[in-house]
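We call the chains A, B and C, going by the order they appear; numbering starts again at 1 in every chain.
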Amino acid sequence: MESVEKILENWVTGITLGSIYALISIGMTMVYGLIKILHVAHASVYVLGAFLGFATYSLTGNIWLAFPAAMAGCALAGYLIYSYIYQRVQDARADITFIISLGLFMAMGDAFRLIAGPYSLSFRHTFFFPGIQSGILKITPEQLLVIGSSVFLMGAIWWVVNKTRTGLAWKASAQDREVAMGLGLKVNYYFGLNFIFGSALAGIAGVLVGIYYVQVNPNMGFLWSYKVFVVMVLGGLGNVLGTVIASYFLGVAETFIISYFGYFLPRDSIAFILMIIVLIFMPSGVMGRRQRI
Amino acid sequence: MIPMYYMTVMTFACINILLSLSVGVLTGYAGQISLGQAAFMGIGAYTAAFVTTKMGLSCWLGIPCSVFATAIVGFGLGLISLRLKDDFLAIATMGFNFVVVGILLYAPMFGRALGMGNIPMLSLFGNPLSREAYLGFCVGSVVAVILVVWWLQRSWVGLAWRAIREVQEVADVMGVNITKYKIFAFVVSTAIAGLSGYLYAHFVLFITPYDFVFTNSTFAVTLAVLGGMGTIRGPVLGAIILTVVPEYLRFIQDYRMLTYGLLLVVILLFQPEGLIGNKSFLWTHLTRLRIFRRKPVSVEATQ
Amino acid sequence: MRGIVISLCAILLLVPVFAFGADEIKVGYHVPLTGWAAADGQSSLRGAQLAVKFINAAGGVNGKKINLIYYDDRCEAKDAITVARKLIESDKVVGVVSGSYSTPTRAAAPIFNQSKVPYISTIGTHPEIPIDRKYVVQVAVMSEIHGKAGAKMAQEKLKAKTACLLIMDNDFGMAVTDGFRKMAPTFGIKILKEYKYPLGEKDFRSLLSNIKQDNPDVLWASGYYEEAAQICRQAKELGVKATIIGQEGYDSPKLFELGGDAVNGVVITTSLDRDSTRAATKKFLAEYLKDYKIAGDQVAAQGFDGVITMATGLRKGGNDPDKIVAAITELKNFEDAATGPIMYFAENRVAIRPIVAQMVKNLAFRSFFITNDKALITP
């Protein structure tokens, strides 16, 4: 006899989790869609965002300043990574760019540890707005923030991709880079913009996760260095809409599976099994490999 | 008498060489990316542990058992790989690693999180092999595997692999049996990784699932890529360097991982073919040195 | 030019081999300084270094100062093995203390034992570590004992009749829970349900929703302080009413930082009693706070104890490994340890010590319970 309360709680948890997955994965999938690099270091940019947000909050006491600070810092980091590292190896073999990204991820992770210490830092803030508490439905302010931010940001992304020239340029470059270049499109500029955009998103995600779990620590990116791939594959590599759907699906599915079956395997293994099953039957992911941004 | 410290490092180097060669065969020769080699090492190690501790059989039987068990799973992965390409394959093998570790972590017969301990050392007629002898055995295994790989890549198999790696569709059209050779690459590669696991189990003498996590798979790929893919010397050198150098970096141990990551980035940015890969700076200059020339050269500046 | 470079490299190669020091005693220490366990590693090392400071300030061991040679083992078995060899051969240490978790300690123990180097384990509590190894001593109490004492405390102080178990699935988490599970029936506690979770998990909401439905009196939750902070907070958010019982994994000032008000009322079984009137404990806590500007935690205190114990053994045993180990294992009611007295050492060289419990009140650990009950604290 399952209580409705428990089911509702699981939905809220799952959707919040899905929102987090989406925020982190969208940036990554946008990058992949254009540049075709498995950007493992995206997880480090995410951690950077969390730390920048935390530092800003500690210095100013204003939580809303944390977001732009994180976005700016991560955008800058993204720019640096793209210009000085990825641009050089864009056409190299996939495994080489992967290892480079991995090396970057390791170096940045350890840099965080050296600068901020190995301990988790408490990122606590009580929001002025209340959560939702009507009857048995309970959503905490933090959960509201995460879900609300994701919805807002996804709307923003949709608008950028579909209603601006930049978005058009991205779609064009994704479809056929050479032709786009041949037609005079400053492809590198748009690639860079895309990268910066994705990195800024990662930064926001970092701050939100830091707030939601009330901590930032140098290791928090480790999970995302691989989990994001599950989401991307489920949604179709490079496909933003698919990634969003896959994120929510995964967040909710994981929550319910664990609630009813417990951890018959660690959470990540469960996610990967789902992914492998999908891959066996749909080798191009759920949404296929339509090179849409 | 070499100090045990050096022997320990060298033994680990041998284990890592095998791991690195397994990546070299699969990715360097056949062009199939795998981010799950650590899982196969784990299968090999756990088989070795299981055979000796739970089944009480001779430790030498572990060799065929480990290799065989790993090869079977590798065969399965090879079948799955047929449907997947490149990045999807990479991610699928990553997932495979997680699932295997997850199973090892939760399966009671593999000791769950506590792993399997009390693995006996290799012994001959009842006497455990000394550390020197074990190192010798490891070196011997490495040499044997190198010979096998060298022979394979010189044969038709190697040619087929190269065709698959570089021009898969063309090879297919020309009648090369892609399926057979891809699966064979997986089987060989995973068998080598399994052997690496066997040697690991009988050296460290207890294993836990955390020894074979995804991080170690990326480590394996790093070893091969750093040295230079598409060769035998590349993975070997990469493994030796990345086993030995962290020991020397111990005096800056707080900055070890940072240095390690940065080195990777810098080296690969400037030498994507690996340190002594076929087009790398070091290799092209090494092969130009007089001592490597076969024919005498009339006038050449000495170094 | 090339010659110079080569020579420099050769010299660099020799650096690790070079062992300095004439008039000092070298004690080895291995901890995870990088990797996922870096936080505990740093605490442990700090505790150890504080101990060295105390010892050297008081004149050292038989007049000679202690030089603590420490290495990073990344919490991995293979690194521990390599480091063990290095300490024994390159650094030629006279004794080693492990500030690392069970897995690396387990890997290194047979090596130290075989080379006859006295080895003290501080937070590695896997039962296999000291078995049949006469040079390996464990100053930390076996994990299981925390569980057993916890059961008694639950019944005596919390009047618990029902419990749910939330088990971290690594060796530590499972071992402490085994003890609780075993003893719960003896104290009249019924275990309603068990839930397992993987190390590193941050989101416990789905499990906690279930636990809320089960409605136990207490929730026995094993984990390290990071997981603990999340468990406590999320439990409070969801409205779980059970009192949460943790263990020494929770024992860190970080628990309050990360968990906030949600951890008030949580009880933990541990060895370090903040309210203790013991001189050694008070001195440790005061000095640690002064030197490191952060409150000392259980892991640091254990590291401290390991080194203090080793020094005591060295004082009486000199360079002779058998004598050193004998000096340690013959200790009775050893009061110099920060985490509580070592009553004596059992036959398998594991320390027998009282277990304390602390309750969190106003974001501080306060004394709650203590037991010397022989039936519980002996394995």
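Here is the rule we go by: contacts are C-beta pairs under 8 Å (C-beta built on N, C-alpha and C of every residue); 3 or more make two chains touch, one makes a residue touch a chain.
All values derive from a computational prediction rather than experimental measurement.
Student: Which word fits the touch map of the chains here: line, ring, star, complete or other?
Tutor: complete
Student: When A-C is set beside A-B, which has more C-beta pairs in contact?
Tutor: A-B
Student: Which integer distance in Å separates the CA centroid of subunit A from that of subunit C?
Tutor: Inter-chain centre distance comes to 36 Å.
Student: Roughly how many whole angstrom separate the Cα centroids of subunit A and subunit B?
Tutor: That gives a centre separation of 32 Å.
Student: Give me the residues of subunit B that touch two or more other chains.
Tutor: Those would be 105-106, 254, 257.
Student: Return the residues of subunit A touching two or more other chains; collapse runs of consecutive numbers into ranges.
Tutor: 110, 263, 266, 268
Student: Residues of subunit C touching 2+ other chains?
Tutor: Where subunit C meets two or more other chains at a single residue, that happens at 34, 169, 198.
Student: Which of the residues in subunit B come into contact with subunit A in the complex?
Tutor: 27, 33, 80, 83-88, 90-92, 94-96, 98-99, 101-103, 105-106, 214, 218, 221-222, 225-226, 229, 254-255, 257-258, 260-265, 268-269, 272
Student: Show which residues of subunit A lie in contact with subunit B when the two form their complex.
Tutor: Residues 32, 36, 38, 85, 88-89, 92-96, 98-100, 102-111, 114, 226, 229-230, 232-233, 237, 263-266, 268-270, 272-273, 275-276, 279-280, 283-285 of subunit A touch subunit B in their complex.
Student: Looking at the complex, which residues from subunit A come into contact with subunit C?
Tutor: Listed in rising order, the residues are 3, 5-6, 9-10, 13, 17, 110, 113, 117-122, 124, 138, 140, 213-215, 217-219, 222-223, 255-256, 258-259, 262-263, 266-268.
Student: Would you tell me which residues of subunit B are touching subunit C in their complex?
Tutor: Spelled out, the residues of subunit B in touch with subunit C are 3-5, 7-9, 12, 105-106, 112-115, 117-118, 200, 204-208, 210-211, 247-248, 250-251, 253-254, 256-257.
Student: Please name which positions on subunit C make contact with subunit A in the complex.
Tutor: Of all residues in subunit C, those touching subunit A are 34, 36, 38-39, 41-42, 169, 195-198, 200-203, 205-207, 209-210, 212-213, 226, 229-230, 233, 237-239, 254, 257-260.
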